[in-house]
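The data blocks that follow each hold one structure.
Below are two complexes that have chain A in common, paired first with chain B and then with chain C.
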Partner chain A sequence: MAKVTIDGIQIDVPDGTTILNAARMIGPDVAPPTMCYYSKLKTSGGYCRTCLVEVTAGSEKDPRPMPKLVASCRTTVMDGMVVANNTSAKVKDARAGVVEFLLLNHPLDCPVCDQAGECHLQDLSYDHGNYKTRTDFERRTFEKIDIGEKIQLHMTRCILCYRCVKTAEQITDGRVHGVINRGDHAEISTYIEQAIDNDFSGNVIDVCPVGALTDKTFRFKSRVWFTKPVDAHRNCENEKCSGKVVLWYQGEEVLRVTGRKDQWGEVEEFICNTCRFDKKQTSDWTIEGPRKINRHSVISANHYMNMVKPKEFKLNEIKQITE
Partner chain B sequence: MHGLLSLNNLNTPNTKTESTMQLTNRSKVVVKHDLNWLEKLYLPAIFSGLAITIKHLFKKSATVRYPEEKREIASVYRGQHVLKRDDKGRENCTACGLCAVACPAEAISIEAAERKKGEENLYREEKYAAKYEINMLRCIYCGLCEDACPKDAIYLSDRIVPTAFTRGNFIYGKDILVEGIDASGRVDVSKRKKNYEMEGSPKQPLINK
Partner chain C sequence: MARKILLEHIDVPGINTYDVYRSKGGYASVEKALKTMNPQDVVEEVKKSGLRGRGGAGFPTGMKWSFLAKPEGVPSYLVCNADESEPGTFKDRYLMEYLPHLLIEGMITSSYALGANTSYIYIRGEYFYLVRILEKAISEAYANGWLGKNILGTNYSLDLYVHPGAGAYICGEETALLESLEGKRGNPRIKPPFPAIAGLYGCPTVVNNVETIAAVVPIINMTGDEYAKIGIGRSAGTKLISASGHIKKPGVYEIEMGITVEDFIYSDEYCGGILNDKKLKAVVAGGSSVPILPADLILTTANGEKRLMSYESLADGGFATGTMLGSGGFIVMDESTSIVQNLHTFARFYHHESCGQCSPCREGTGWMEKIIHKILDGHGTLEDIDLLWDIQRKIEGNTICPLGDAAAWPVASAIRHFRHEFEEFVKNPSAQREVKYYFHCNNIDTAAAYSSI
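And now, the complex of A and B:
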């Protein structure tokens, strides 16, 4: 066991835990934001630098501070380590810089993007970014690539977090897409523009932190805050599929099916393409009830859940009270 | 005896005054008395009333003959909505839904559609509003839709909303809301300022592109 202090809060964690996971054990208030790290995907993390933290004391035996900010998703804790996340001005400054770098080439087409409202980059830039841009050159563009009937790829929005690549590697068998080219020219692509037709390829939509990979069957249908999320499940024929999903309703119509995301924005269990794309009837599912959404999220806007209708008084009742 | 409620009566506790709650001390006690002979004539009161009426004949009229004559409207006046087009005549609205989610009266409903090839001169972005409806009976003209719009698409103009005879006629679709392409159809909103553009506003404008 190792004892770490993050933002002044002490916690005992098993050896080999990363700083990020130790912070997540304490709670969402001290956990650094992540764009590329995904706890369900092995070897993810280490690309985006949004989870940088300051280590003010390395360990009990060697309490010197670490010279630079470290990526908390890749750094394991030491006994007696002291970490500053939100309390460090250096971290806030670095994070604002990271957001600026991520937004260098990211188009601000949120009004058009289907991910808007549940986009991690939106949240990150609201919390840690600057309101102004310092660049005035053209943003990077790509030739449009069609990667199949069900998944829409917007390469301009990609921040190269590699989550979808890891999903393709680990969740689906036989990966057909990856990152090609290098540096500024790097892009997500299927080799020779092959269509993705694996049973679990739809999960790349859920893991994508931005709107680079979106559901083509939901494209421009609605905005997430006009839909109502409902937990549901079915006995999926696919053994690897859990069948536990969220149905996004508008009126009586199921517009979209996604996996269930936890408080870190990561899906709890991966679902197969049949559940995601082909089962869009209420009769296909066993409804569990409305999904709990954080009331600060835009998705919960104008959803009147758990609201008690105020009592209506009749005229003679009002007279009784006032007289 | 005329004075049913005199001051003395009010202060002395009796059943009548105790049961009625008195909220302020500004109520006046009216004392009725018999008219004297001058008041019984009624003529002085009639003439003083006529004098007021005649005086108003020579005053400037307080009303205008709308719609031939129009009053000057303040630049912050919030009237009928307009969906703007850009310089090239393309619709600004991309059906992002921010106006609808900002609307406290939930008066706006939108359906989006994808722009097809050949429609680039009609819509500015790859997505556009296929249906844009404002229920003018629900609208409270707060202007929050205008503030929420990231594309400068919706504005509240200085036009007064006309009356209608049926409820259905108050649901304004794109045919009424979108301004015309040619110069005569354009609605001038150059005086309008968004909340964050106002002087002394603490919020900085967001990046536009």
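And now, the complex of A and C:
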């Protein structure tokens, strides 16, 4: 066990835990934001640099601070380590810089983007970004590519987190897509725009933190906050598929099916393409009940669960408060 | 005449062939190491010599070697980093072109010290003609029994391969080099684990620069203690400097560390002074990524002492008033040079060469290039200069590999020491534009250039 202090809160964690996971054990207020790290995917993380933290004491034995900010998702804790995340001005400054870099070539087409409402980049820039942009240069753009019948890739929105590449490597059979070119011309692509064709390819949509990979069966059907998420499961014929999903309803109609995401926005269990794209009737599923959504999420704004109507004040009451 | 160690026999005709090289005492270090020393002794000898990595970082080589993990049943590798891609550096090319056997001799001795039975020379794609030179030299070494099974009748065996890259700056970073050598996309790995623990194919690996490996040969021949006496303080030995820019005699020079910078620029033995006897304006002392220094700070330190060609003296004063020896790419600029224009060239290079893995470098390098281009084109504002400073500050130290730092330092130092030039470009763009184009055609004696073709 290693004793680690993050933002003044002490916790004992098993040896080999990363700083990020130790912070997640403490709670969401302390955990650094992540754009590329995905606990279900091996070797993910380290690319986006949003989870940078300051290590003010390396360990019990060697209490010297680390000279640079470190990526918390790829740095393991040492006994006696002291970490500053939200309490460090250096970290906040660097993180604001990273947000600015990520948004530099991002089109900010949230009003027409299907990811809006469940987009990690939206949350990140809301929490850690600056108020205004400092660039007036033309942004990089790409043509949209259909990779397969059901998935569309819109590289313009991509922040190159490599999550879908790791998914393609680790979850699906046979690697069919990766990164081509380099620098800010780098793009996620299948070689010569070939279709991704295997049972688990749909998971790249769930792992994408932005709207670069979207579900073509759901595109432009509805804003996500107008749909009602419901937990459901079925006995899937595919052995690797858990069959545990969220159905997103609008009225009686199932608009889309996704995997279940935990509080860090990560899929709990990967699902197969049959469950995702082909089973869109309520009769295909055993309904478990409404999905609990974090009340800070915009998705819960139009929700039937946990909804508390704000108290309506009368005019004289408002006067009393303001006086 | 200054002491030459690596380039001692460079003027001998045919030194690139095995017979001539052998007759000049070549491969003596292999004989000495394999017959009279055990691997640990060789490492100790290199430790005593105080040799530091010649690729740029200047990390003590002996210490790097002693970090190599040696688990049972797992091979270890030595990889020679011949991906010499730092702009302004061309010493390794010179060494490999004219003294290929020196590198091979160093590879054998070093591989023996590290217990490696397979070693690689990773050479940059642009140096394709050197691959043929090295492969010819390697086949000569095989034919004469210096490579292969049971070298010199001992039970030590070594195979040596040359692997050309595809021409990417990033593949000079050691972990990106290993990825590329494994046949993958040349992206730097996230450290830890360091290559000494898990490097090539997941096995313990040492990656060393060409010049470092070549320097092992004289260290074994003359013993580490003798080598440590050359040079000054912790900067032991000699260093190859690739001198370029506005000087009378550009080229590769072997210097004993500790000579003054002034001597190096102005003495006839080395650069021979500034071209057309103009005034010195600035020097980039160690390849494009190290901070640029104005004339007064490169010749003397902030304390008023003479600056020496050594790791410590060039770094004196930190980044505020100092720079780094780096890889020894010594670029001299005279008074006619536009620093902003020069910076644009560097920024464009780093933008082009960023691998695109981590966001600060991927996006930041392109942003910096665009802003400098805007200033050069006369559309800049004074806020742009501050913005440029802020961007480089947010890239530096926040990236996976040192490419981010390498892109940030030239920008930082140019603004730190030559802010007035940026401001002049902003305030008076048309007058500056003349300087800009003057720079392009200045110093090129067109008639002479054509007659020499």
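Note that in this section the second predicted complex is superposed on the first by the 305 of 323 C-alpha atoms of A that agree within 3 Å, B and C clash if a C-alpha of one lies under 4 Å from a C-alpha of the other, contacts with A are read in each partner's own complex, and residues count from 1 in each chain.
Criterion: a contact is a pair of C-beta atoms (placed from the backbone, for glycine too) under 8 Å apart; a residue touches a chain by one contact, two chains touch by 3 or more.
Please read these numbers as outputs of a predicted model, since none were measured by experiment.
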So, does A:Trp264 touch the first partner chain B, the second partner chain C, both, or neither? neither
Touching A:Tyr131 in the superposition: chain B (first), chain C (second), both, neither? first
Return first, second, both or neither, reflecting whether A:Lys68 touches chain B, chain C, both chains, or no partner chain. second
Quick one: is A:Phe142 in contact with chain B, with chain C, with both, or with neither? Answer first, second, both or neither. neither
For A:Ala186 in the superposed arrangement: first (chain B), second (chain C), both or neither? second
In the superposed arrangement, does chain B or chain C reach more residues of chain A? C
Flag every residue of chain C that touches chain A in the complex, lowest number first. 168, 170, 185, 190, 351-360, 362-367, 370, 387, 394-395, 397-400
State the interface residues of chain A toward chain C in the complex, per the touch definition above. 45-49, 52, 67-69, 71, 74, 93-94, 97-98, 100-102, 104-105, 134-135, 137, 159-160, 162, 178-179, 181-186
Chain B touches which residues of chain A in the complex? 108-112, 116, 131-133, 219-223, 225-226, 298, 301-302
Chain A contact footprint on chain B (complex, rising order): 94-98, 100-101, 106, 112-114, 125-127, 150-151, 204-207, 209
